[in-house]
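After the structure tokens below, expect a handful of questions from me.
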Amino acid sequence: MINNRGLLTGILGKKHRDPISNTSFLLRITICTFIGMYILAMLIWGGGFLNPQQFLDLFNNNAFLIVIACGLTVVMIAGGIDISGGGVTALVTMVCIVYLDDHSGSVIGSLCIALGIGITFGLVQGILISYLDIQPFIITLAGMFFAKGMITIVSAVPRTAAQEAFVTLKQFRFEIPGIGYYGKTGNFIPAKIELGVIVAIAVVLVVAVILKWTRFGRNLYAVGGNKQSALMLGINVRRTKFYSYLLAGLLSGIAGYLYLLHTGAGDAANATAAEIQAIASAIIGGTLLTGGVGSVLGTLFGVLILKTMTSIVVTSGLREPYWQSITTGLMLCFFILLQSVVLALREKGSLKLSLPEWIKFRRKKSGTDSTP
Amino acid sequence: KSTKKGVIKVGIVNNPPSESGYRAANVADFEKVFTEANGYKVSTFYSLKNDEQLNAAAQFVTDGVDYLLISAAATDGWDTVLKSAKEAGIKVFLFDRMLNADESLYEAAVVSDMAKEGTTAVEWLKAQKLPEYNVIHIQGAMGSDAQIGRTAALDAEFAAGTMKKVVQQTATWDEATAKQIVESVINSKEKFNVIYAENDGMAKGAVAALDEAGITHGVDKDVVIMGFDCNKWALRELLAKNWNYDGQCSPFQASVIEEMIKKLEAGEKLSAKKVISEEKGFDARTITQADIDTYGLGE
Amino acid sequence: MQNDIVLSMRKICKAFPGVRALQNVDFTLYKGEIHALMGENGAGKSTLIKVLTGVFPKDSGQIHMAGINKEIYVRSPQEAQKLGISTVYQEITLCPNLTVAENMFIGRGNYLFVNWRSIEKKTTEILAKLNIPARANQQLSTCSLAVQQMVAIARSVDMDCKVLILDEPTSSLDENEVAKLFSLMRELKSRGVGIIFITHFLEQAYEICDRITVLRNGEFVGEYEIKDLPRVQLISKMLGKELDDISALHNRRELQAGSDATPVYEAFGLSSTESAKGFDFKIYKGEVNGFTGLLGSGRSESVRAIFGADKITGGRVMVSGKNVKIKKPRDAMKQGIGYLPEDRKQDGIVEDLSVRENIILALQVMNGFFRPFSKNEAEAFADKYIKLLGIKTASIDTPIRQLSGGNQQKAILARWLLTNPKYLILDEPTRGIDVGTKVEIQKLVLKLAEDGVSVTFISSEIEEMLRTCSRLIVMRDRKIVGELRDEDMTQAKIMHTIAGEAAQNG
Amino acid sequence: MAKGLNKFARSQLVVPLFALFLLVVFNLIRDIEFFSISIITNNDGNTVLSGNIISIINGASELAILAIGMTLVTASSRGQDISVGAVAAIAGSIFVSVLRGNQITIPIILIAFLASCFVAVMFGVFNGTLVAAFKVQPMIATLIMLSAGRSIAYWINGGATPTVSSPLLVNIGGFIPGIPIPTPIIIMILFGVLIWLLLRFTNLGLYTQVVGINEKSARLNGINAALIKLLSFMILGVCVAISGCINVCRIGLINHETLLLDIEMDAILAVAIGGNSLGGGKFNLSGSVIGAFIIQALTVTLYAMKIPSTAVKAYKAIVIIAIVVISSPIVKEYALQLRNKLFKKPAKIMENCENNGELTI
């Protein structure tokens, strides 16, 4: 038949796509948007945005959400969904307080309980979803219901932790020397980071490493990309899915403890709608609900973007109450459209022109590479 | 800092006005009092979610407001924020709802005494001298100050055995859910003669169920209807003798707080840590149109 | 001899609801042999492979492997890999969202951490060795079908295996790549690997295989030494009857020489976003023409532009002498154009819908949103074409996903035949189709032409095109570089046209 | 006959129906009178039916209607609309504000309904455009309305919970004189029939499924995929408007903060319990409707059992999990194998193993 290898590679060599994948492209959009948004806020409203503590508070206040969102990202990459995160978080806060205060428990013990609850949820949900093939949405929704129901069975009224060792731990802060702001009376208040932030950042890093460099992490992407193919490539699809839910459960447990460390309160209303916010953060960070694409770093910035939007709305001094939600909605809408339009343009190739020189260079190089 | 001399920066954390008629009146009250014309620069944040409220309060602190006014969606988890406010020299007022934190962390609380509202209502109920009390108790969203206060009084009666609990369910302030709860009792054919709903909307839902089942309600009828908040439309139901009782919950705390702020600005000390709004309950037998005009919320 | 058996399967049975896909099938594979597994579409070849590799559980039967004394039970592809069975499945089964390197190494071996540098290095080596035009860190979805297929093969070959299974690996490869694959297979064979090779190309089987096992309708027909089985016999064993004489097809070609009337379809400077460069093209009533060229020369893109499947960026189109606008497939369908896409799985079948719904889909759309066919009508339509094309399906309501690859292709063909097109574009209609049916399709094309339908026929098999087409358009580098008709249409001429200028380009 | 039975056994409706059946049996055992229906005269002097069955079906009306729309959206766009509750609040507010501005008569009610329908459909178009044209994932596209919807409703209401009262509205939310069945049930049935006709006499069903399963293929076969997605969101908009208006009529008051609160979760759950894949593609509307009934029956049962209100959710979760576990193909397969073992029908094993033909991962 017809043939000419050299010619073929010549042709093929010309048609390489950009080396950055959509994943990292979306990640870049997210990061740039966040930085741009924050700088803009600093310029326009100043005030709190110039206060380093406010930036750190983004982390202080949302450490738990970051952790939940990380777990969710893992599950979403594998093509699933887990909406039990918020419920489990709330349950953990309540059970830990009851244990600490009513059963004079130790801090270590409560930590174990938190992890235990998380792992139990992950275990049960994981088994049901991956080994019995049940739709993850139903199971995790039921998980959320169950957790919320259990909270009030554990304690009908909201509680505040009083156990001394725990309160000390809760009040622990890292002070950043040299950075801070001045209070009303002219006293210097150093900027502070809560313990939870360290944990949350550690979680992000660990999960990022898992996703990028471990076999399990890569299997997640394969399963999310196409589970039939993954199966035939010799990946244990069920086990991979199972572990993803287990990890998400564990992270929800950790998130619960972080929540407790932040507020010290147990309440059925804790972390309401955290799951929706976590999903939103993950998606804003470039993770697809359909699976196979995503990164935790993106999710981290997703959380930051989402929360900065709220901050901006609060600061902007909108008095009419309904405008707050509407503005948040509009900003979200704007961001989503931006993401979609940029992606579409990129697909069309009109964006290629503006790409930096080194990419073009690499394309040329790889073209010649493949010619023997 | 950026504040002009004489302008007082105030941050308000409240529940969204859409929560209830009560809340709408409350929000309107604060908007009326704390205006630029009166010398205030106000930022507000509305949410029913505890963590969002906490975040916003923290932001007001870092934003450097002079006064922070809080109506907490949930009572617990506030002390971290309050401490940082104290550290930054920001003065905190609580309004409408108490929260679970040390007294030293805030200047004063201007609140409704929800527990007292509950007791007033239950005392009224006892005074009706019904032959027996079979009560359907429809609760608000669990964990809110209003629910806790209004439930406590009735729970005490249930425990003492003076009243019988037919059913006690939360409808999370939702009218349609309240209707379903009552419907379910009717279908089970259990006897009841009192419906104690923790706000007006849920009472209205309950009444809709009674109407469909052909059960009469109101003054000298089969079932006694009790609600809270004193919405105008609810008080009109009282006037029409379709309902029996409505407990007031005063949403007007703004001017009291403003006075306190003025005092503090003038360098005076505050006299009381806790100011409790004057509230009463209305009986269908005694209510007048004048009452509706003075005390009714909404249009 | 017994000791040399690496794999034996005895009395394998497998049934799906309504279909007995395998009944008492025996299969024996020796060390260092290449064993062809042949049969019509739906004969059960892929199913046998999937049973062997644990994708489907078997209903009964035994599997033995050399070195293991007991009967083995393979529960998942993973276990099969562990046992030293590596497989390239019929539909490409790689993960499009991962890079080429990852696809090569994922799911293999026992590692905890991924060493990106090492896998990329190894991949680059393999790619270079096999001359696959892809980069190690390229996302797989950006590679063409053929490259993906080659990557899948490279992956399996790279595994240290005792048994290598290739299920129709050559269906989307060009001859050069096939040759490369064959030399690779020979190398493995000399290392003692047993290879199971499934193909519908008889020449390929005869070129490389040692023995042949034939399946028909899920039943075992026999196992033969290749030298004892002439082609004609092989075909009759596969089909259960003699193959029609295809030389007759040649003669009819004269009949359809183009008329001078207005063309049925005519395009001027047509171009699309998918980089089909402006080209002119026309086709007359009752004509069969073909696009030919190398892999990736833009044949598919050109016909996609004709059908409006990609976004059209320029050009003018006339149908039967009238100016028309074809911006999207719907417009083309309204003009009586039909298009059988190249990528059956992505562009063709609607997986979960029944065979019936898949067949009537296009006609239904043309019939209009407010006029659905009644169930009876739909069944009548579908039944007619299931019979006509001999589509093997358990029932008319079976989800099309459950059909064998070739039968899916036939169903999609039926979809377009049903619309009674004036002009039908067939992009690789015979890919993955068995010999018998291939001839049927070619006959069908000629029959359509006789009935006045214009057909554009694209195939990677030049012989097939020579047999059916009266005019060939030669493409290179997304441009039309020549047009051949009648006596010019020979292998050599085509090669020449393609290569002619290429030589100058150097 | 046997074949028909076999086919039924394999249909996706078996499990939801079975679950419903179990709930019924459970209730009968608990209280033999549970399903008794009585005829009573209500406060408006109408003779009406009353009883738990009526309560269940009546209470499930909104959910069932929403579940129908949600099924279509799920099928075509492979995702779910999580803003239905919020948009229903908007629709309800529009309904109420039109009614409050006028003397309430039947034409005015119709106009009010059409206005709310229009607005809800416009929001459907908004969501649908994001999904279809901008390729945003449905859950995230509708997140916008989820966060802004109830505030928009507040803005329309210009404050808190306005009430409307008129006997006509009571007729819609309760009973029409002379008809003993609650009007919401009648509306639900009418709407169901309408949708059935739509599916029967147009290609909506086929197109929706094709778009949901393989969008590329849909386009190549001349289907405008974006339009179909948009259409499904618009239909959901109509569903939302209907259920919002019904809900307002039930009480005669609009509380935009609590109206159909969290209904989106229940609607999605109904779709899933009905055996539909949340990943889109093939769908079965009756499954979703049965799913809605199951959820409502469960709620009514739990109310009747006087489970402490706060713990209701935990019990609900357990029942839901039980239902889906029974319906899991793998459990079904085990059950069939067990049956074959017990009743010794080895010859038929092959035909009976339902799922071994499919790749179960």
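Chains here go by letter, A, B, C and D, matching the order in which they are written, and residues are numbered from 1 within each.
Throughout what follows, a contact is a pair of C-beta atoms (placed from the backbone, for glycine too) under 8 Å apart; a residue touches a chain by one contact, two chains touch by 3 or more.
Everything numeric here is computed off the predicted structure, so don't read it as measured data.
The minimal number of chain-to-chain contact steps leading from chain B to chain C is 2. Interface comparison, A-B versus C-D: the higher count of C-beta contacts falls to A-B.
Ranked by how far their CA centres sit from the centre of chain D, the chains are topped by C. Our note on geometry: chain A versus chain B, Cα centroid distance of 36 Å, whole angstroms. In terms of their C-alpha centroids, the spacing between chain C and chain D amounts to 43 Å. Between chain A and chain D, the centres computed from C-alpha atoms are 31 Å apart. Residues of chain A found to touch two or more other chains are 152, 156, 228, 231, 268, 321-322, 324.
Across the assembly, chain D contributes 150-151, 154, 308, 310, 312, 359 as residues in contact with two or more other chains. Along chain C, residues 55 each make contact with two or more other chains.
By the contact rule set out at the top, the touching chain pairs are A-B, A-C, A-D, B-D, C-D.
By the touch criterion given at the top, residues 16-25, 28, 48, 139, 142, 167-170, 172-177, 179-181, 183-184, 186-189, 201, 204-205, 208, 210-216, 231, 233, 297-299 of chain B touch chain D in their complex. Here chain C touches chain A in the complex through residues 53, 55, 76-78, 80-81, 87, 89, 92-98, 102-103, 106-108, 111-114, 116, 127-128, 131, 133-135, 137-139, 142, 144, 147, 174-176, 273, 275, 292-297, 460-462, 476-477, 491, 494-495, 498-499, 502, going by the rule given at the top.
On the side of chain B, the complex with chain A involves touching residues 1-2, 16-18, 27, 31, 41-46, 49-52, 54-56, 58-60, 62-64, 66, 73-80, 87-90, 100, 141-143, 148.
In the complex of the two chains, the chain D residues touching chain C come out as 10, 200-204, 206-207, 209-210, 213-214, 216-224, 281-282, 349-351, 354, 356-359. Within the complex formed with chain D, the residues of chain C that make contact are 13, 15-17, 55-57, 59, 307, 309, 328-330, 333, 339, 341, 346-353, 357, 361-362, 364-366, 368-372, 402, 415.
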